[in-house]
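Next come two complexes, and both contain subunit A; in the first it sits with subunit B, in the second with subunit C.
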Partner chain A sequence: MANAERPALSVLIADDNMTDRMLLAGIVRRQGHHVLQAGNGQEAVKVFELMRPQLVLLDAMMPVMDGFEAARQIKAIAGDELVPIIFLTSLAEEEALVRCVEAGGDDFLAKPYNHVVLGAKITAMERVRRLQATVLEQRDLLARHHGHLLNEQRVAKAVFDQVAHSGCLSAANIRYLQSPYALFNGDLLLAAYTPSGDMHVMLGDFTGHGLPAAVGAMPLAEVFYGMAAKGYGLGETLREMNAKLKRILPVDMFCCATLLNVSARRRVLEVWNGGMPDGYLQPLAGQRLLLPSRHLPLGILQRPAFDATLETFAFNPGDRVFLLSDGVIDTANADDQLFGTQRLQSVFDHNKDPRRLFEDIREALSDFRGESRDDVSMVQIEATAPGSLPASGLIFSDSGQLTPMDWSVCFEFRGQTLRRYNPLPFLLQLLLEVQGLRDQSGALYTVLTELYSNALEHGVLGLDSALKKDGEGFTRYYALRQQRLEALEQGLVSVGLEIQPLPEGGGRLCIRVSDSGSGFDVAAKARGGDNAYAGRGIRLIRELSRHAEWADDGRSARVEFTWASQA
Partner chain B sequence: MAVTSEVSQDGTVLVITITGRFDFGAHQDFRNAYERVNAKPERYEVNLGEATYLDSSALGMLLLLRDHAGGESAKVKLTNSSADVGKILAISNFDKLFEIEKPGHNG
Partner chain C sequence: MASEHLDYKVLAALKEVMEGEYLLLLDTFLEDSAARLAHLRQAREAQDLGQAAHSFKGSSSNMGAWQLAQLCQELEERAFHGPLQGIEDLVNRIDSEFATVRGLFEDERQRAAS
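This part shows the complex of A and B:
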C-alpha cells in the first residue's frame, strides 16, 4: 500500500542473511521508504555514520559485530537525536529480548516478517522520532531565548547599576544584603546624600517580577537621586515618585517602599513606610521601636490623595535602623508555616554583634526552612556623628564663564507657601549659578536649611527647641510642628540674597533671613548648654559661614560667604 | 484556586468568591469574574473567606477591579478575610481604598 501522507524515510537494514535482508528491503521499499543495507554490525555502524538513516532495522545475531554492539554504537553516534532501532529476531527467549532493549533497541520484530506489523511499527517509530525531534528543537529554542534573556538582564542591570551607583550605599554606616539580581525580583535599594549631608535611603518592592519590575525601578531611581542631590526633602521626593509611578505604571502595578531620611546633623530619623514590612529602630540604649506601614504603596493614589507625612524619631550616634523585604517573614517551611515577625524579633533579641545581624537572620531562615535563600533584601544604617559634608552630587554642564556677579533678590514666603512648599532647592539652584559658590554647595545648603527652619519653626511656628530635650519631647516637637504648619494662615519668612564681586577678585554672598515670629535670645541659644537637641543650628551656621550675626531679637539673621577668584 | 462570581437577585451587587491561593494564577479568572457579566452592578464584594493566601499580584488585581468599578468612586467591599490575609491588606493599607469587613460574629 503506497502511502502518500507518510513521509519517505531512509531505513537501514542490517542482516547477514542476504535472503532475509532482500525480503525485508522489498517490504520496506513497497511502503515507500528508501533502503540502505549492511551485512553485519560493523558495516551497519559505518553506513549509519555516512548516511544517517532515520530508522534502523538490526538483526541481533551477526558475524564481525552483533546487533547489540551495533545498536550501542549507533545510539552513541546519534546522541540526543532519536534514531529508532528495531531488532529483527527469531530469538524467542525473554532474556534475549531484554538484551535488545538494554542495548538501546526501541522495539523488535519477530521473523518471519509480517508486512502489516512492520508498516505499523515503522509508523509508530516515526511518530516517536518526530516527537523527540520537536522536543529537541524546542529545547534549543528555549535555551537560545534563555540566553537572550540573561544577556538582556545583564545589559539592563549594567545600565541600572550606572544609575544606582550614583548613590552612597557604600557609606561606612550602611550595611546591606541584596541578591545581584534583586532588580529582577522587583527589589530596589537606593541611598543618596543630600547637599546638607542628610542621607536618603529607599528600600522598595515592586509588584511582579522580571522586566516590568525592573522597568519601573529606573525612573524611580532617577527621581530619587535627582531630587536628593538638589536638596529636596523626603516628602517632596515621595510625592514626585508617587506621581511618576501613577502616571507610568499599569493599574495593577505599584511599589511598596520604605523611605528614610537620616540626619546626622539634626540627629533625626524620618520614616515613611507604604506597604513594606515593619522596619525596626534600635536605639543604643532602650526599647526597639517598630516602623510600621502607615501608607498605601507608591503608584496607587492620585496626587491630591497621596499622603507624604513622615514620622520623626530621635536618632543619636550608635542608634540603628533596620529594613527588610517581605522575603524574610514570608519564608515558609515544609509545613507551610511562615517565618513571621515573632521569629525575626527573637533573632534581634539574641543578636550580640550588630554587624552579624544579617548572618544571624539568614542562619535562622535556613534553619527554619532547611535551605538558605538568597532573594531577601536587608539594610541597616547606623547613626553617626555628623561628618564632613559630601561633595555636590550635581553635575554642571555649563562652563561657568557666564556667572552672574552683581545682583540681589528678595523673596517673601507667606502662609500658604510655608505650609506646602520647600523653597530651599530652588534657592540653592539659584545660588549655584554662581560658579564660585559651587565648591561650597554643601555648606551653603546646610546654612540655608538651618536659617530657614529656624525662621519657620522657632519664628513663624513659635516652637521651642527646648522641647527636644529627650526622645519623647522630640516626637512631640515634630508632631506639634506638623500640627501648627497645617493650621498656618499668617506669617512670613523673607530670604534676601545678594552677590557682589570683590575688588581683589572672587566675590561675596550675603544671605538675609527674617521672619514674622516673636524672636529669641540668640546668645542663650548658641550656648546650648547640656541640651543636645537645641542650639546646634546656630553653632553650625557660625562654623560653616564666614560671618553670621542676628539682629532684631533673633528675628533677622545675616550670613556671609566669600570665595576667592578662580583661575 | 478557584474564582466564582454571582450577581445578586436585584442585579446591584456582584459577589466574587476566591477559594485557595489568590495569586497571579487567578489573574484571568478574576478578570473574567467581573468583565464577563452582563449586569452593571453598583457594588462589588470580594469574599476572601476561603482564600488561604494573597500576594502582591492579588493586590494588583483588586486595584484593577477598583479601577473597573469606577476608581475613586468605586464601591468595592472585601469581606471575611482571615487573619493572615487581613494582615497583608493591613500592611498595604488597603483599608484606605476598600471597605474591609472583618469576619462576622458567626465566623
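This part shows the complex of A and C:
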C-alpha cells in the first residue's frame, strides 16, 4: 500500500487486451497507485503527453502503434526525466527482448501476471526514478550555483568598473590588450594623469583566481587613482599601496606589479617592478633596455622594509615602454610549449617599424597559440611631446562658500624632511581650499613642482641640469641626486603662500620659493637652447603663471596667479 | 477445485485483487474471448492469426485457463513458424476448449454473484 516510503505513483497501462488491462489496473490500484489506461500505442503517447505519469506499462504487440514505437516516443517526450517503461509480454524470443531494450524499455513483466513480482518491479523502478530525479535536481542546483557565481562576478566587475574605471587607458599614446574579465585572473591595468600632466601606469597581477583575486584590486585602484589625482609621486603611492595590501590581504595573497611614471614634460620614465616579468624600454634610436623586477611584490613587506626606490630613464618622444603579464610568457601552444622570453625578444629584434611593435607581439602570440586566453595582459606607452594639462581629477564636496580669502603662510622644509617628504600634495590641497584656484589646479601643481624641484635639485643639492644633455649624463644626474639627497644634513627650501582678495573681485595668489643654495643665472638659463633640459622649467613657469620673477641670484622665486570673481 | 481447464486458485487470487470488479473482469474476459475466437476464424494471414493467438494466450493465462492458454501458444507458434497444414483443426480445438471454459466461468459467475 502507498505510504511514506512508497508514495502513490501515477501509472499508465497500455494494452489492447481488455482483460489483461483490467486485471493489471486492478493489481496496480491495489498497490496504492493511480492508473491511466490506453488501448494502443498511439493512445499511450497521447495520454503520456497530457498526464505525465511516472511509470509506463506497455504491451509490446498492439494495433495502430506497437509498444516499441510508443516507448521511443515517450522517452523522447520525457527528455532528461527518467520515466521507467516496463514491457508487458510473454515474448520468449531473445530477439524481441532485445527490441524492447533498444526501444527504451527498462524491464519486462511476463503474463500471467504475478502481483508480488509486479509490486517488486514497481518499487525498484521507483527507486531508480527517484535517483535520477535527485541527480537532475543536483545538476540544476549546480547550474544555479554556477549562475550565482557568474552573477557575483558580474556585480563585482560592475562595482570594480565604477571604482577603477579605466582611468586614462584610452589616451592616444597607450596601446593595451586585456580581457574584460582579466580582473578574475588577478590581472589589473590602471592609468591616470597627475595634476601636472604626468601619467601613472600600473600593471599588476594578484595571486589566485576568481573573486579572491579581484577583491584586492578595488582598494588598490582607489589608492592609485586617489593619490595620482592629488599629485602624490609614484614612491608615495607605492608605499601606501603596499601598506594597505599588507594590512588587508591574507599572508598568502600579494600583488606583483610594475608601476611607471611617464613625464612628458621632464622627458623622464620612472619604473618600479616588484615580481612582474621584465618590462622593456625601446628607445626610438638605441639599445633596448630591460626593466627587471628589483623588489618583492606589494603586500609582503612591512612598512620600514619596503623599498619604493624608482629607476629613472630618459624618455623622449617616440620612445616606447612595454609591460606584460606572465600570461604572455606562459602562453602555451597545442604541444604544451611555452611562448617564453626568447620568442618575445626575437619579436623585438625583428621589428622593423616601431609603430607596429605592439601588433607584432600580438600577432606572434596569436600565431603561436591559435586561440585567445583571458589572462594575457600587455600595455605599451609611447613618449609624446608635452601636451595641455589634464582637467582636475579631484571632486570637491564643498560648495566653495567658505573659501578663505585673506591669509598667508610660510613653510621651511629642512634637511631630514627634504630627504624623505614630498610636501607638494599637501601644498596643493591647501591651495585648492580656495575655490577660485580650482580651475587652475594643473598649472598650479606644475608650477609648484617646478619651483620646488628647482630649489631642491639646483639649489640645495647643487645639481647642474646641463648634465642631462645625453642619456649617460641623464643617468648620472639621477644617480647624483639620489646620492646627495641621502647624504643631506643641512639646507632648506622655504615656501610662502599668500592669498589676497582683489578690489575688483576675484583674488591673487603669490608663491615665494627660496632655497639655501648658491643661486644661478636666471637670464642665462632662460636663454638656453631648446635641446637642453636647462631652462625649460623657467619658461614653463612663465607660461603658466600671470607673473614670475627671480631675485637674490636665482635663490628666490616669486610667482603670481590671479582669478576673476566667481559667479 | 482445480481442473485442467480452469485453475480456481488463480480465480481466488483474482477475486481478492479485483474486489468489486471481479464479476466485471469475468464478463470482460468472456466477451473479449468470443470476439477473439471470431477473429481467429476470420484471419486470412498467418501473421494476423499469430498475433490474435498471442493476445488470447495472454488473457487465458492470466485467467487461469491453462489448457486454453496452452492451445493458443501452439497456435501462435504454428502461425509464425509453421507448419500451417491442419491448423484449422487446432482452431477447432481452441473453440471447443473455450466452450468448456465458458461453462465453468458462467458457473463461477453465478456463485460469485449470489
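Assume the second predicted complex is superposed on the first by the 435 of 567 C-alpha atoms of A that agree within 3 Å, B and C clash if a C-alpha of one lies under 4 Å from a C-alpha of the other, contacts with A are read in each partner's own complex, and residues count from 1 in each chain.
One rule holds for everything that comes next: a residue touches a chain if its C-beta (ideal position, glycine included) is under 8 Å from a C-beta of that chain, and two chains touch if they have at least 3 such contacts.
Computed from a predicted model, the values in this text were never measured in an experiment.
Asks: For A:L23, select first, second, both or neither according to whether it touches subunit B, subunit C, the two together, or no partner.
Replies: second
Asks: Which partner does A:P277 contact after superposing on A: first (subunit B), second (subunit C), both, neither?
Replies: After superposition on chain A, A:P277 lies in contact with subunit B alone.
Asks: Touch test for A:M227: subunit B only (first), subunit C only (second), both, or neither?
Replies: Touch partners of A:M227: none, neither subunit B nor subunit C.
Asks: What is the contact status of A:M61 with respect to subunit B (first) and subunit C (second): first, second, both, or neither?
Replies: So A:M61 only meets subunit C here.
Asks: Identify the partner contact of A:H295: answer first if only subunit B is touched, second if only subunit C is, both if each is, neither if none is.
Replies: A:H295 contacts subunit B only, not subunit C.
Asks: Using the touch definition from the top, say if A:A38 reaches subunit B (first), subunit C (second), both or neither.
Replies: After superposition on chain A, A:A38 lies in contact with neither partner.
Asks: Per the contact definition in the header, classify A:L203: touching subunit B only (first), subunit C only (second), both, or neither.
Replies: In the superposition, A:L203 touches no partner, neither subunit B nor subunit C.
Asks: Which one hits more subunit A residues, subunit B or subunit C?
Replies: More residues of subunit A are touched by B.
Asks: Which residues form the common part of the subunit A surface touched by subunit B and by subunit C?
Replies: Residues common to the subunit A contacts of subunit C and of subunit B do not exist here, since the sets are disjoint.
Asks: Can you check the complex and tell me which residues of subunit A touch subunit B?
Replies: Result: residues 205, 207-208, 251-254, 256, 274-277, 292-297, 300, 302, 338 of subunit A touch subunit B.
Asks: Which stretch or stretches of subunit A touch subunit C in the complex?
Replies: 16-20, 22-23, 26-27, 30, 61, 90, 111-113, 115
Asks: What part of subunit B is in contact with subunit A in the complex they form?
Replies: 56-57, 59-61, 63-64, 67, 72, 84, 90-94, 96-97
Asks: Any idea which subunit C residues touch subunit A in the complex?
Replies: Those in contact with subunit A are residues 10, 13-14, 17-19, 21, 24-25, 28-29, 32-33, 51, 54-55, 57-59, 61-64, 69.
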